């Protein structure tokens, strides 16, 4: 079954390296998010650190993504995270090329190919409409456009720069008609999610709005209030 | 208790990204090594991928090292492995600066400092006597000199270039008298381990001799036959 | 005037860091190449190291490309090569994303944008048909597909893997109909150039066949014998 | 003759990628600095971009440093700056490991070794006392400690954190008694230079105070007023 069924809005929470969702805290954190999403028509996925994948996938039923996987084949790669290791730890896919872990185009392509061969989902982050178009040529499951200057900020990309979302969707579909695009950066409220969907995105990728919230479950609940 | 008690030879097996010790295969692989080391006067430690740390540390009693941890503080660091994540996954320390994952000097220092603050062991890899001396200034628990041109080869550093081991021990102790040095690259036989100890090293770091062996436990047993 | 006029075959010689074309030796080396190309219907361009750009551009009349420029704006960037510095040193453009200097997709896009804004040519290297298609979305002046496993080898990509050239041309044009594609890796003889043009490429990017030749001018002459 | 004669204070101006000292503007910029230093008992050196080295070294008599050189041997290294290229372009040495271009410990060592073999000076940047001690083991001509959090700021390291300068000098000399240490970050006034020398440093490395000044010559003159 596809990790991200067509037609259902997608919300991915990137745990980054926030202490609140690291190690032993990752499971209760995830459970709070799951309660907030219960019964909603949304595909919620979370992206913990590599060392936390197994813990979260064993203890919860949320689709778990790696934050990054390396493109290399098994063998020599000390410090890398192999696609196979992420998969055995329960990941159904991986973010790739996040602003905090950019990949070369060659690595990005190779990582996409290895994930695809393993039957895992690829969510490729990009920074503008041109790179979204470029990444669409690699045919990932999802693209996620996040203008770097808005990441972690208080104004949602959907308000600060709605055109970048529209143009990214258009650029991606021009290269690959089945492309599906998320947006991110500053996304926080139900209204932000509602506008993202209006602009042609199929959902959002977010971190700080949930990760830095006093009550992460409530923060996610607020966001999900924008679901149609 | 120290991860590497003084006076006891150290053998660290770096699992790298070998398929044989990835994911579900990591636990039986580790158990085979533990059986080979049972009853021997050696501190055996293993270094699985980040995604496999929890699995190995939960299922076995071997000291587990991360292959790499990042130097950054919690927060923004998508794709990184936080010291805290490695620790909660059961790691007692980390390799750092392996030939396949070199760090800048500033990152190496910061990662050492974060590991030390968390009470975790630091095993810093180096490539010659000068860099071993330099790394000794960061006061890691162990240094591991591996001449890059011999890594993965069939001739042990202790035979091919015994002077680099002696000089590395001397350079490290000149900077930090309590420095302890391992050696690696091509290490395979009991004789290789015996010579490493003779040359002033306190043990060995190895990968391919065990990882690519038909019978990894037997390969480790052969190496450990060189223990005094 | 365009650096690479349409309809004229393109041959780019990448000097890499070969001693034979470094520093003072860069000018006589370049002069030998110019003599070999004199009177031929080809756009010959050469790519010396950053420190050699001024020297070559002042002493000769060949179009000079940087091997790499950084994507950052003026200010903080110690060790970087600014587009403006390359331009003032006489470069008419730059290679980008060579196998020995891969860029993240975001950097590649930003470097392309800065070069375009300065009126300089962009020659983007890629490693397969997919990444050629992706890079075409950035609308560089030229793409140069070089399968990494064939680089520096003795068999030309046009013989060893003609399909990768054909597929790259097709992938690039599917994304950007005006895309122009070079090929490289193992290219050496007139026959190699002739087949490159037959396969839909507009020329070749090469290094070792000329750089390691006893007589670089003669080596280039042999290659150019394949011009139509 | 040594690039940095013992007993004479050292002032190095890092041009970074400031537009004011890029390309054609590099020469008049340098001349203004030379006028400010004329007749002063100081070794003034400047570090332009690689593409500007030849221009500055040909037109002026100031010792010119590269901002970075790569550690690799001639051959394959597209986009790199070879030691030999920097030398032929007139550089008498190179900065290494600047905060904006950190090197792995192995690269730093190899670049130092290549520079030393070519008879060129090595100025190694560091970020705290520990890494200064570590880098001293590589025996560079000069170390330059710059706390990253103070770089580009308005308060000099000599005021904001005098202890880091003292400790760095001590850590360096403990490892290599002949070590010579510069300091940098926020350095601007004659008083800043005077205090640097008092704290045991042999001079300063600076950028923004001169690079962003309306009158760079006057800014350097103000700094040099602190010479003994």
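A few comments on the model shown:
For reference, chains read A, B, C and D in written order, and residue numbers begin at 1 within each chain.
Just so it is clear, contacts are C-beta pairs under 8 Å (C-beta built on N, C-alpha and C of every residue); 3 or more make two chains touch, one makes a residue touch a chain.
Everything numeric in this text was worked out from a predicted model, so none of it was measured.
Chains that count as touching both chain A and chain B, per the definition above, do not exist in this structure.
The most distant chain from chain C, with centres taken as the mean of CA atoms, is B.
Separating the CA-averaged centres of chain A and chain D is a span of 43 Å.
Between chain C and chain D, the centres computed from C-alpha atoms are 34 Å apart.
Chain centres here are Cα means. That of chain A falls 36 Å from that of chain C. Shared interface positions of chain C, defined as residues touching 2 or more other chains, are 99.
With chains as nodes and touching pairs as edges, the resulting graph is a single ring in which every chain has exactly two contacts.
Across the whole structure, chains are in contact as follows: A-B, A-C, B-D, C-D. Those residues of chain D lying in contact with chain B across their complex are 97, 99, 102-109, 126-128, 130-131, 133-138, 148, 171, 175. Here chain B touches chain A in the complex through residues 14, 16-19, 22-24, 47, 49-55, 66-68, 70, 72, 74-82, 84-89, 95, 98-101, 152, going by the rule given at the top.
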